[in-house]
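Both of the next two complexes hold chain A, though its partner changes from chain B to chain C.
Let's turn to the complex of A and B:
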């Protein structure tokens, strides 16, 4: 009987200790106010990234036709030197630049023949559907560990793409014509396990019509 | 003299056969490891071994509970959903707490509080399984199938269909941390296995579990409170699924609403491959651990060999079928 009582008292004490160390109470409005001040501003971050971090890097990006040649010749070392990616997947991103003549204008992309390219390589520049993480990840300038959560990190990508859709593409799309000489800079995505250079599509960060 | 006379080549063969049957899982594992290591040089590496151990630790937690259930001739299909709900409750309470606008009150949860809440969730759902099975005589297959749907629905409601992420470094340590050079999930599953081995082999409760599975009527007539034992077994299974859920959530630093889908099948497969009879009363925790390792190694090997995920499912299915067929053949011999 005494043993049972001791057991019960021990169980209750344990329960109380666990309960005491399990929860805490605060005023709801104070918690909400603190949460608002801590909220991550993906719009500002994306805008700063594009203007302050990425744009100065674009001049250092590899020429697309040079990249294509290198991928053909030495795929492994080229991926190692020029690509960036998060995680261990086969999808890698490259920051590229180039110049070429517009050969066709489609609903969601323009086709372009790279200038001074002996292989007469035609590539595409996305002009409608800009999504994914290519621009965010291609530069290797954003570190995922800077972010408190993956949602914030993903929101950065979404905001970057939004800025491209609203600020980079409209002035270009309204003026571009077949035969124009265009300079571009942006990001491309390649699968390292199954490298395909047949349908390269650039997600543009900078577009300039040099000669109409 | 009589004994000597009985030792015929036929009886010796039977004896060897039965010894071989006892170690069939171990033999299968050794053959599997050797085959994969011949085909992939990445298999026999320390990193890969830890990777496999970390991956199977969740299945070991679930499968240990499943073994107890199967030993009573039951089945628990709800463990995958229970895992998801327990993980989501833990993550939700840890990250968001509970808001009570009417009283301008916020109840925050510490790591301990959130983990305890997750464990209680699993145990309660397990107890509910046990209660419906014993009180209303609902077949375990149906009762736990219903809870599978109920728990998944609650997970969707609780998470609103979105992952709950960023749970903090301390919580992440549970699933990704190391202690004395061994990953923490391996420690957790190891402790669970040791406790389960002791419970099944050295306690009255363990003997009752085997007795119920072996012959429920006989167990009842010998005075065992069958309902109580069954409810306890399902509660333990739910609690262990919750531990699995907490480990998964911690490893991913995120509670996914779709977590744990088909985990019950992996757990059942581990139990069956480990030699536990689906008709109850026969099997062991260590057998289940071997079964879980075989499934883990098989998964890992198929990935290392670049086998398509679709084929992986097919291969796993055939391995389970083979294990059940061997089990049936052994039962006949017995």
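Let's turn to the complex of A and C:
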């Protein structure tokens, strides 16, 4: 009889332990806050990428004039060494910098002659269509494995471009004139399978009017 | 003592036998890769499936194509058969982003890796990797070209694909992420035509009744773009209404050459198929860390560069115009 009572008590204790460890009580606002913190914050990510990761790297970017010469001379090795892309395919991006004189101011871009360019070839700096993945991908500093969802890395591009359109372009567009000497840093896109250097357009990250 | 020794020898013999069987399986029989594709009733998906299967064979594996006929139940049967028949990996083109999740999870439970091609499933846990066209970015590029060609103003119609397909919304969102910055570009109608040529023609004919003064039509795929073009021809408006598509289908590439449609975005099914097969090969060789979603770049095709392209991809160097 006593044995049976001990058995029952042990079973009840065991049941209580299992039940206690199976149920957890948490405050609803804490659970909601934890769920929100797991959502990807593209705005913060983009801002952090531009200021902390990308800006310090701009001084290490290849001179655009030098890149053009290298792509002409050794396209394969130049793409391998200097280009980046988050995905796979022919579209590749380069981080570039340079200096030149403004030759024309258009609705969508300014034209510029690179300094000391013997070929006297004009390139463009986008001032209207700052969209796409050029700035996100060109540095090679972002790893695709950081993202679980396609829309997360699409949103990173959208937020980076938004910052450029709202913070980099307005002060430049309001002051720049034909004949100004301008320093720029940014990203360009080239198609590796069909390289065309005729219409190079830089998506700017940094723009500075050196001399007016 | 002798009896114990006998048992010990029998045990060693059994282990040896098992080891031999295991070695025979791994060294003599090639692994098997199933290619399960949403439909073989569309040449684009036939091309995708055949390229995936061919690449799997090239890498030394047995391969078989299963046609789901756009039916998730049939797709489920294919998954069950593939798992039961001992396929070691599945290269998968899903029928439905939501409805195919259970099949992917079934394969995962059976430790069979799944590599999605072109279409995604709405889970990041199931598939080992999903190799997908970067539809969003492709439509950002299309959107930019659209704004330039429209000179930042005019009325337009958007024809959407299947509303249950993620690609439909990725394309639409990419396009609008740029075009919506221009308030003088007004979308007067947005309707689904299910990626279907005939339906697109009917839908646009109906829209034109209420909006005869449109300037452009943006379509979520090339089949709809061709259908829209037919409707515009019938209405006598083909000369001044601009049509934009997406896919890189043969008739769209030819229509760009003929000046009938303005642009398309070229997808690369061969790249997706071969990447999926290569990932399966790397998985068998021990790699386990794959990107959950791998975007494949999509390229803008216009009258300027159309000679560089053929259906489903880029011309080889010897095919290019001198």
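Quick notes
Heads up, the rule we're going with is that the second predicted complex is superposed on the first by the 177 of 212 C-alpha atoms of A that agree within 3 Å, B and C clash if a C-alpha of one lies under 4 Å from a C-alpha of the other, contacts with A are read in each partner's own complex, and residues count from 1 in each chain.
By our rule, contacts are C-beta pairs under 8 Å (C-beta built on N, C-alpha and C of every residue); 3 or more make two chains touch, one makes a residue touch a chain.
Computed from a predicted model, the values in this text were never measured in an experiment.
When both complexes are overlaid on chain A, the residue A:191 reaches chain C alone and has no touch with chain B. By the touch criterion stated above, A:18 is placed in contact with chain B alone, chain C being left untouched. When the two structures are aligned on the shared chain, A:131 is found in touch with chain C, with no touch to chain B.
Once the two structures are superposed, chain B and chain C can be ranked by residues of chain A touched, with C on top. In the superposition on chain A, contact of A:149 is made with both chain B and chain C. In the superposed model, A:91 makes contact with chain C only, not with chain B. In the superposition on chain A, chain A positions 148-151 are in contact with chain B in one complex as well as with chain C in the other. On chain C, the positions that touch chain A within their shared complex are 120, 124, 132, 134, 136-137, 140-141, 143-144, 147-148, 170, 173-174, 177-178, 268, 271, 275, 289, 291-299, 305, 308, 314.
Residue ranges on chain B touching chain A, taken from their complex, read 97, 99-101, 103-110, 112-114, 116-117, 165-166, 254.
The part of chain A that touches chain C in the complex is made up of residues 85-91, 108, 129, 131-133, 144-145, 147-151, 153-154, 157-158, 191, 193-194. Across the complex, chain B is touched by residues 18, 21-31, 148-151 of chain A.
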